[in-house]
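Each chain gets a letter, A, B, C and D, in the order it is written, and its residues are counted from 1.
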Amino acid sequence: MTRHTLTPERYYNTMGPHPPALRIAPGDTVVTTTVDSMGNDATGTPVTPKFNPMTGPFFVEGAEPGDTLVVHLDRLTPSRPTGISASVLAPNVVDPEFVRYLPERPLVVWDIDLARNEASLQVPVPGLEALRLLLEPMVGCFGVAPAQGQTISTVTSAEHGGNMDYRGFRAGATAYFPVFAPGALFFLGDGHAIQGDGEIVGTGIEISFEVEFTVDLRKGEQIGWPRGENEEYIFTAGNARPLDQALQHATTEMMRWLARDWKLDVVAASTLLGMCVEYEVGNVFDPAYTVICKLPRRVLQQIPT
Amino acid sequence: MTRHTLTPERYYNTMGPHPPALRIAPGDTVVTTTVDSMGNDATGTPVTPKFNPMTGPFFVEGAEPGDTLVVHLDRLTPSRPTGISASVLAPNVVDPEFVRYLPERPLVVWDIDLARNEASLQVPVPGLEALRLLLEPMVGCFGVAPAQGQTISTVTSAEHGGNMDYRGFRAGATAYFPVFAPGALFFLGDGHAIQGDGEIVGTGIEISFEVEFTVDLRKGEQIGWPRGENEEYIFTAGNARPLDQALQHATTEMMRWLARDWKLDVVAASTLLGMCVEYEVGNVFDPAYTVICKLPRRVLQQIPT
Amino acid sequence: MTRHTLTPERYYNTMGPHPPALRIAPGDTVVTTTVDSMGNDATGTPVTPKFNPMTGPFFVEGAEPGDTLVVHLDRLTPSRPTGISASVLAPNVVDPEFVRYLPERPLVVWDIDLARNEASLQVPVPGLEALRLLLEPMVGCFGVAPAQGQTISTVTSAEHGGNMDYRGFRAGATAYFPVFAPGALFFLGDGHAIQGDGEIVGTGIEISFEVEFTVDLRKGEQIGWPRGENEEYIFTAGNARPLDQALQHATTEMMRWLARDWKLDVVAASTLLGMCVEYEVGNVFDPAYTVICKLPRRVLQQIPT
Amino acid sequence: MTRHTLTPERYYNTMGPHPPALRIAPGDTVVTTTVDSMGNDATGTPVTPKFNPMTGPFFVEGAEPGDTLVVHLDRLTPSRPTGISASVLAPNVVDPEFVRYLPERPLVVWDIDLARNEASLQVPVPGLEALRLLLEPMVGCFGVAPAQGQTISTVTSAEHGGNMDYRGFRAGATAYFPVFAPGALFFLGDGHAIQGDGEIVGTGIEISFEVEFTVDLRKGEQIGWPRGENEEYIFTAGNARPLDQALQHATTEMMRWLARDWKLDVVAASTLLGMCVEYEVGNVFDPAYTVICKLPRRVLQQIPT
């Protein structure tokens, strides 16, 4: 149950079998920092190439392919007084005919007021002068080294996690990743102070973070896609295009979870999901989109385990 | 502001230029009933062919193509002590390889307890013996006569509405439909006592309803897709396949709404949606899927109108 | 075996249960004309509203739901010296980021030289001064009244046919349509002198036609999607979005055809298709896309029937 | 213009910055061998793990990111008397409801008769006893090291090529790949004696090959997606899901090609493609699908360059 502190010396724009930045054990906690998606640190200085440079990898002792890595997000704190976002919808989230009306995308700067827990535009966009948004810090991109020794860009996502941009990956949530490489090789970065569903302008409010997380390991428990849970929900993430396929992956993974941990057969799990499932949309900007399949704990508590 | 009561004499499995069941005026309220999606009435008797037979159409005086029909859902009350649902996931919502594990779909019967406001399985599925679900009555299918004099099946959806199966179309919500035909010709039916997102078993808890709704008209206001609002959100609905395209339709429609009613240009509306949009998934079972694009009122209240 | 001549008096922009323009019997041949997709006749005069106005419907005596209508395209002759096409790619067939580079779409005029069997631009586009294209007249839109009494716009397609824009629907080909309404109610129009795969500018060379076709009926033979054949291939058409689903429909329909008419079980039909199937792309412009699944006769001739 | 002979000592199941098997110069020819997709060599012996093990990489002297690698396929000769294929359609190419009818997939063995240039089933499937198919040897999977130092599995495809399974990559064709890594690092394998469009059973007739290819380099010519040409066509390949997006990539790449090499602006290129484009379907089995956008040389010859 060691508490480690890591000051990153380098960052990676891919997830793969890179040399570990730190070796940690199940139960350990790590306090570290992440740069923003453009490679700027807590002082706003560019220190590494864009996009989505990752802190890590963290080698988790004992993790082997076929295990599940558990990552509890203890704390996600924006570490700068300003964040950056894009300001025009991505061409792929509007009707193709509407793309003509999208101007070039200037970046806008947001003041981040941690004391008030809110963000406001530094130079207001007309109409948004009074806009004050509550901070909801989340991790845009995190995951492990992919299957088969692959090395995959952090601008996309797959079974190993990656750039899922799901708002639910916030402090207090626990994420689960399938382990494909010895040590799992956990990466994280791409912090957002705030982000709407889908990251439809291609960014959230991009900002550097202080992060604190605790890892654990489930030996011999194999999962197919990232999973997670928080106080209210358990959830699964499917990453693919189109959204239909991402939804298929997430739903199928939820069926497997209900079968293994709640012993529900296909009819029982279907009946339950049919009446109670909720879907959320993660990233719809990158090469792979993300759909989240959620089930409320208030329902699960009625199922014997 | 007349209050009409209609006892339907026939039902339609398509939306189109059918002869009106009732002529009403903007501001009028209608109290009527709907049969369940299988055509069974409040006594459980089959009275009309499945699927999704509609009550209506209601001819709204003064409605012309180019107007917007406003429908406020005043009350949706299940009118039977039992509802029916399917119990196996639809083949299109799971990974194709997983379809082999889906058995034939038996229907299950739910007891609907209006006093306790909950549903439970009449013959429990193993594991779900203790399951009690809160009722959340909603309209699965409603809308108007489609464009160009088309007559379209109520098992699908398009610009005119149809089988969107969005949980947010519940009592207290207001829906907006583009008017394509004289009188708008409003239809509704396919009540669900409860339904999970996506209607992924192909049904909610299908049940007959007593319904009460109030119509209004926005002359000369043209919208492209169904819209809605409730106490917390405004929202738009896109109906298409794949989900990606439904999301494009809904997002584009929201951009148009923000431009017209909040005077936000593309940069302002994009910035706002980029940080605050929420998506929900309606039907993912039918030929056309439904995506809902939502914006919280708490954010909109910060925008001058 | 009557040979009918019909001079159309009106046209329809939807396929549905419209009053028959002519009643014909199986085996009969019809000689008639079609206007172009903009509603212009052989003199270039606008005579009916755009888009895709249909000649028909033809009521085929004895046709009942569950039968298959056979339509042999005997002759398709452009009936004007000029045709019209769009000149800019549709926004949905290029990468979303590329849409910004698409200018407004001017129409261009083509000279149609029947004697030389070729088309050339009347006012050459720079670079295309020398372009001479062989005529390949085809029917863009044809089909029957849809299922369930629906009336569906001729700018889309479904199980009943519609705007499939497949280049293979040319003279000499035979098309098969599922019959959904008494008399089948056959419509045709939207002639193209030439068209590339996908109709990716949203038009072919749009032109009025003289057409000659012969109908037949297969009583009690039910098909799920339009089929066709020519000297070299048998083929099926799937109409849906995305293309993936259109391909699924077409492939599944081919499996059914091979099962019924060649008695091939799933393994035999799969093995055959796996090594010999060919796909073509019909319309990728409209609400529903079209994929064609083809099997060469040279292969089928090796299968006992 | 050296002619190299390489006997592979190891194979890779990913494309990435692996140590070169051979260094060659632009203009050089390589004679080598490939194992089949299961890792079996010319004697049918398993020598390396499945799936799609690649021969290579070949380091091309002088190749730098931003260049284009040219690969002419001189000769592709099956090197075994038997090949293997699957015999049941992949679940993702049929309607979801039809998946239930797909049995487990046994492999079938094909006799490959090079003298007669044909394949036949060793143990005939009922109905296919007389089937004799002409050999059409093609490369299922080839390409270069991907962008950003990524290492990507050979069961998928992207901008760098990969498992495209396009029948047009046969002897006589020339392929073009964008160079992302120093030396380009060219890989090839996954030979098919015969394959239908889409590789819809998940395999072609999988077999080991003797291959001969010649490389060249276009310095400073940047392309976005794989391209190719043969005697009749030039073509581009888009790799993505859904097919709609693959088609967008391929079409956009063709627009860029016509702009650069034929100086056609958007209107001219659109007009030409609109009337003359042809699409083909590559792999529809893997995580990324492939669409080919083709333009006939007979048309291009009418455009001044």
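Everything that follows uses one rule, which is that a residue touches a chain if its C-beta (ideal position, glycine included) is under 8 Å from a C-beta of that chain, and two chains touch if they have at least 3 such contacts.
These numbers come from a predicted model, not from an experiment.
Trainee: Check A-C against A-D and say which one is joined by more contacting C-beta pairs.
Mentor: Between the two chain pairs, A-D has more contacting C-beta pairs.
Trainee: Hey, which chain ends up farthest from chain D, C-alpha centres compared?
Mentor: Chain B.
Trainee: Where the centres are mean C-alpha positions, what is the separation of chain A from chain C, in Å?
Mentor: It comes to 47 Å between the two C-alpha centres.
Trainee: What is the distance, in whole Å, between the centres of chain A and chain B, each centre taken as the mean of its C-alpha atoms?
Mentor: 32
Trainee: Averaged over CA atoms, how far is the centre of chain A from the centre of chain D? Could you give it in whole Å?
Mentor: Those two chain centres are 34 Å apart.
Trainee: When you check chain D against every other chain, which residues touch at least two of them?
Mentor: 92, 96, 102, 241-242
Trainee: Along chain B, where are the residues that touch chain C in the complex?
Mentor: Interface residues on chain B, with respect to chain C: 13-14, 16, 147-153, 240-242, 245, 287.
Trainee: Within their complex, state which residues of chain A touch chain C.
Mentor: The touching residues are 90-92, 96-97, 99-100, 102, 242.
Trainee: Name, in rising order, each residue of chain B that touches chain A in their complex.
Mentor: Residue positions touching the partner: 85-89, 92-96, 98, 101-103, 106, 108, 119, 121, 125-128, 130-133, 194-201, 203-205, 241-244, 247-249, 251-252, 255, 262-268, 270-281, 284, 289, 299, 302-304.
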